[in-house]
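Pasting the structures in now, so scroll down.
Shared between the two complexes below is subunit A, which pairs with subunit B and subunit C, respectively.
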Partner chain A sequence: MKNNMTVSGHSSRPAKASAAVRIFIAAAAVSMLAVLMPMKAWSQPPLYQKCLLCHGRPGFKKILPDGKVLELFVNKAELEHSIHAKLHCTDCHADVMEIPHMKVPGTVNCYRCHYKDNPNGAKPANEFFQSVHGKLDEQGDPKAPRCQNCHGGHNVQKVDSPLSTVSHLNVAYTCGKCHKPQYDNYVQSIHGTALLDRHIKSAPTCTTCHGKHLILKPDSPDSTIYPLNVINVCSKCHENKELIRKYNIPGGRISTYKESYHGIADEFGSVRVANCSSCHRAHLILPESDPRSSINKANLAKTCGKCHKDANVNFTKGKIHVNYKSKSNGILYYIGMFFEILTISTLTLLFIHILLDLFRRFKSGETKGKNKRGE
Partner chain B sequence: MKDNYRPAKDKIIEELERYAAGIIPGTGDHELDDETKRLIRQEAVRDLDAFLDAKTKNIRTLVLRQQRLKAKLQKKKEWEKDTFLRFNIYFRIQHIMLFSSVIILVITGLPIKFPNSSISRFMMSVMGGIATQGILHRVGAVLLIGFYVFHTLYTIFNREGRRDFVQLLPKPKDIKDVFQMIKYFFGFAKEKPKFDRFSYIEKFDYWAVYWGGIVMVGSGLIMWFHNIALSVFPKYVYDIAREAHSDEALLATLTIVIWHFYNVHFNPSRFPGSLVWWHGKLTKEQMIDEHPLEYERMIKEKEDDNG
Partner chain C sequence: MNHSVERLSRNQRIQHIILLVSMIMLSVTGLVLKFHSNPFSVWLIRIEGGIWVRGLIHRIFAIILILLSLYHILWVTFTDKGHSELMALTPRGKDFSDFFRKLAYNLGLSGRQPQFDKYDYLQKLQYWGVVAGTVVMVMTGMILWFVNQSMAILPKWAIDLTLLVHGWDGVMIFIVLFVFHLYNVHLNPEVFPMSRTWLDGSISLEQLQHEHTLEYNRLMSDKKNEK
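Now for the complex of A and B:
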């Protein structure tokens, strides 16, 4: 400014230009502010101060008529770090019409936002309604879980956040709150120890096999763990060459199963026949070397005996996942080779005999003989 | 046509006129007037042509049919005089048992051998799933085992069965016959080898079924009664049985479809096949062509019987 003023009378043009620039900058600033205003509002503490006057006090609780204690304390830090930090309490607790509220608020209904056709969560909600959990909830089972039972209430997080109750590492614990025996088995299994103790992210957890929202009973044909579908679930990892190499998983399990009579019957739709989990168990899956394993040589007769009555130690003499083309099978490989040679040589000789016979018949005109006789 | 019936018609009219004359009571030979005669004649010939036409037609077919039957009988008599019973009724029943069981076993077994092909999936759905397939395959198996039992009893207790078994044993002549046949194929020999009751081709077929039967029934029973088998044998014996069953099944199927079908159906002198499996007989020409040594022996035996 001062520079402009010191310049002689000819300076009117630059001064005018700088006024235009100033106006432009002012307008830009105003519009920027307008754009940033909501963000500013979001970064401010949300509108739950009022509620936290009571619910923010640690130890805030109610003793119910039956003697149970209902914890009513809400951790503000938890709320501020959740994915719903920007929401007001009454956005979820929608039946609270006045503060302080007179009535006991009902269960939160997540479908208020995560409804059908809402791209932010329609699919999981719709899948949940078809799942075994959703069906039980619909029937009014008080034990049936709803969204908040797994995803958490005030501490709901994105699934890839390590704080989320449904993250790959935490979901087993969350499921285990209701499915205790299965959780105990899973934690001991090779899958559970790999994921929870050794933190191998590729190791499966509950949802890897059972699905996330569309969890169905094993006897439902659409279920991922329906007898005919189990092989698809297991082959996701056990046929993945990269994982097999990286974690030194025994390969060829799926292909040898498919070659076995069990696999063929499974392929043709038999639900009675043994699938992966029939022998390896569903949750307490352990390697052969582990003495607790269902496929340990000491336990194999018992495992086979579930279907093959009077199964004895003979079941352990020989491989179960037999690769008929592998030389390591010894006599089996040579029997296969013997039949291969026998078949090829026999058929070659027979074929030569047929060709020579035909050659001779055509040469001696026998094939035209019938016509000649007809004339 | 009508003129052919002239004499017959005149006779009918004459008879009817005599009958009409006798109708009027009291007068033995009453003369009829011309008008009545004309009316009688008119009534008599009405529909007579059509009637005679139909009758002559029926009589014609009747006579011709009778003639044809006679000719057929004669032909059959001549054929029977000229044919030789090659396979007796037990032999034929065994062959029918064998091929029907093999057809069932191949159709129900192949989908298990090739589970990933779409034809297998189609066949399996036609059969109604793997449970029904298992039952059908075992029905075929029982029929096949029945055939082997029947054949064993026939070989032991039937005179012709014992004779056939001895004749089916491989002899040095068979090797000579093979070389003779090769020479014949290439034109170095004018004559085919002279076969006895069973040529080396038929002997090969017989012993192939013998070997196949031991492998298939043995391994099949291990798999059918796997719980019993595994209480005695280790698991790798079951695996061997499965491998052998699967491999031998393919060998047998291919041999039948390529080799046996060529020899009895698709070769130019047999196409599309003969009914020997049904009546068990060969004509004199077929005997001389295919089994000259057996033919000579049969003629000799007949002469011995007559003498």
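Now for the complex of A and C:
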């Protein structure tokens, strides 16, 4: 600036003005620092900075003796936006006692904070121990997922954040990392396309049916997808009048199932009998109109044939979810109506007949021991 | 003098007991499905050993009923007693007029009761009701029992229809047997609380004269002729 002034030859007024600007800039800078510095210092614990000296370098990694590469880079931005931004590294990596650390730190144990009775969220952890994932982890299965496998490590977010690996939109992808075939089927299904392609938030994802932390094997009676419980899972949406109307979902599926032999046997505890997913499949659920659908007319015989070994094309002749009370079922409606009227009128006539008979018998005194009036 | 005569032979009584036991068992194991949401059905299914055992019991008594029916067909066709009983049960024009005359009598429009032979019109109605009911139930029941084979030849709607008919026909038979038949033979004031005919096969001459006047008259004239 000085050089400029010398070159320009103007000295007095611009110099005064520039002094004022300088003071203003300095004041602004100081006040900004005064505001920003403590915030920065507060949001970034000292250890945070220290760890990132090494772990903040992109490409920081270690080659293990077995040749595997262990990525050790920690994305600072990710960390800063996570729900745990305010924690120290060693709050989770509690076995790091000195920096730099000599030993390889162990897997992070989330239960240090997320234990029972901790208001910060303990129920999920306890449920997890009961789940198939928790049980496998307990047995030492190296493939069993722990909290961080689904929720993420440094990038852990609140579940309602769009960045969360377990958000309604992202959780299927997260589960699919291990459950690949199920994921592949799900993304093609009506549920998967509704959620992932059409962004219909009410559409179900993995956790809608399987539960979140308390995921159990299908053969466990407490599982949400135990054969007897499947109907309850599907009912959550398919008996929800509002959803049925809003998304034009075929209604009456649950009630007609419950009136069918399948539904009755299911109600009374038969696990062999067909439930929703026996016919509609568990993951690749598609509407009848789709040629890939298990309930498409072309595939129906095969689907029914899973249990009814002689089922053939005859099974496409007629409805599966039969509502006997609906006129759209033609002959079934009218025959049902006929029997209802026949039964009620028979019952009525029989009672009238009995009453008349009783009336006459008592009137003419033809009761027990007095039947002397026989003609 | 003998004060009672045989109305049902030992053979008939045994047939009747097998029939009533199988009908009761088929009803309690069958109607629970039709009325599955009723708490009483829920309780019955539980004491029947669950939904699968219920089906097994239903099929066992179905077989018993079918065997009984086959025996009964042979009995009414090839034995003198059976054949004469079948003839006595055959509906005739008199049965229709009896119905109207009895109705008029019960309504107080006529002072005279119609006179009946061995089987009155209600007893014939009940017998043929059971015959027709059993035929329909066995036929529809077989379609449902062998549902896998049935599906190979019948369209889905026909199986639904079969199920519908089987269920409703069961209700009809139940009503006719357990409301009407029970009243007519056991619960009516004449014999209340129970007629013993189904157990000892006999009927008092007094009751015979009163309820089956034509048969009584014939019996008496036969006796006179013997003398």
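By definition in this document, the second predicted complex is superposed on the first by the 319 of 375 C-alpha atoms of A that agree within 3 Å, B and C clash if a C-alpha of one lies under 4 Å from a C-alpha of the other, contacts with A are read in each partner's own complex, and residues count from 1 in each chain.
By definition in this document, a residue touches a chain if its C-beta (ideal position, glycine included) is under 8 Å from a C-beta of that chain, and two chains touch if they have at least 3 such contacts.
In this text, all values refer to a predicted model and were calculated from it rather than measured experimentally.
Once both complexes are superposed on subunit A, the partners subunit B and subunit C clash.
By the touch criterion stated above, A:R22 is placed in contact with neither subunit B nor subunit C.
Contacts of A:N312 after superposition on the shared chain: both subunit B and subunit C are touched. In the superposition on chain A, A:R361 makes contact with both subunit B and subunit C. Common to the subunit B-facing and subunit C-facing surfaces of subunit A are residues 261, 264-265, 267-270, 308-312, 314-320, 322, 324, 329, 331-332, 335-336, 339-340, 342-343, 346-347, 350-351, 354, 356-361, 363, 366-367.
Here subunit C touches subunit A in the complex through residues 33, 36, 45, 50-52, 103, 105-108, 112-113, 115, 147-149, 151-161, 163-165, 168-169, 171-172, 175-176, 179-180, 183, 188-192, 206-207, 209-211, 213, going by the rule given at the top. Against subunit A, the residues of subunit B that register as touching in their complex are 111-112, 115-116, 121, 124, 129-131, 133, 182, 184-187, 223, 226-227, 230-240, 242-244, 247-248, 250-251, 254-255, 258-259, 262, 267-269. On the subunit A side of its complex with subunit C, the touching residues are 261, 264-265, 267-270, 304, 308-312, 314-320, 322, 324, 329-332, 335-336, 339-340, 342-343, 346-347, 350-351, 353-354, 356-363, 366-368, 371, 374-375.
Across the complex, subunit A meets subunit B through its residues 258, 261, 263-265, 267-270, 308-312, 314-320, 322, 324, 329, 331-332, 335-336, 339-340, 342-343, 346-347, 350-351, 354, 356-361, 363, 366-367.
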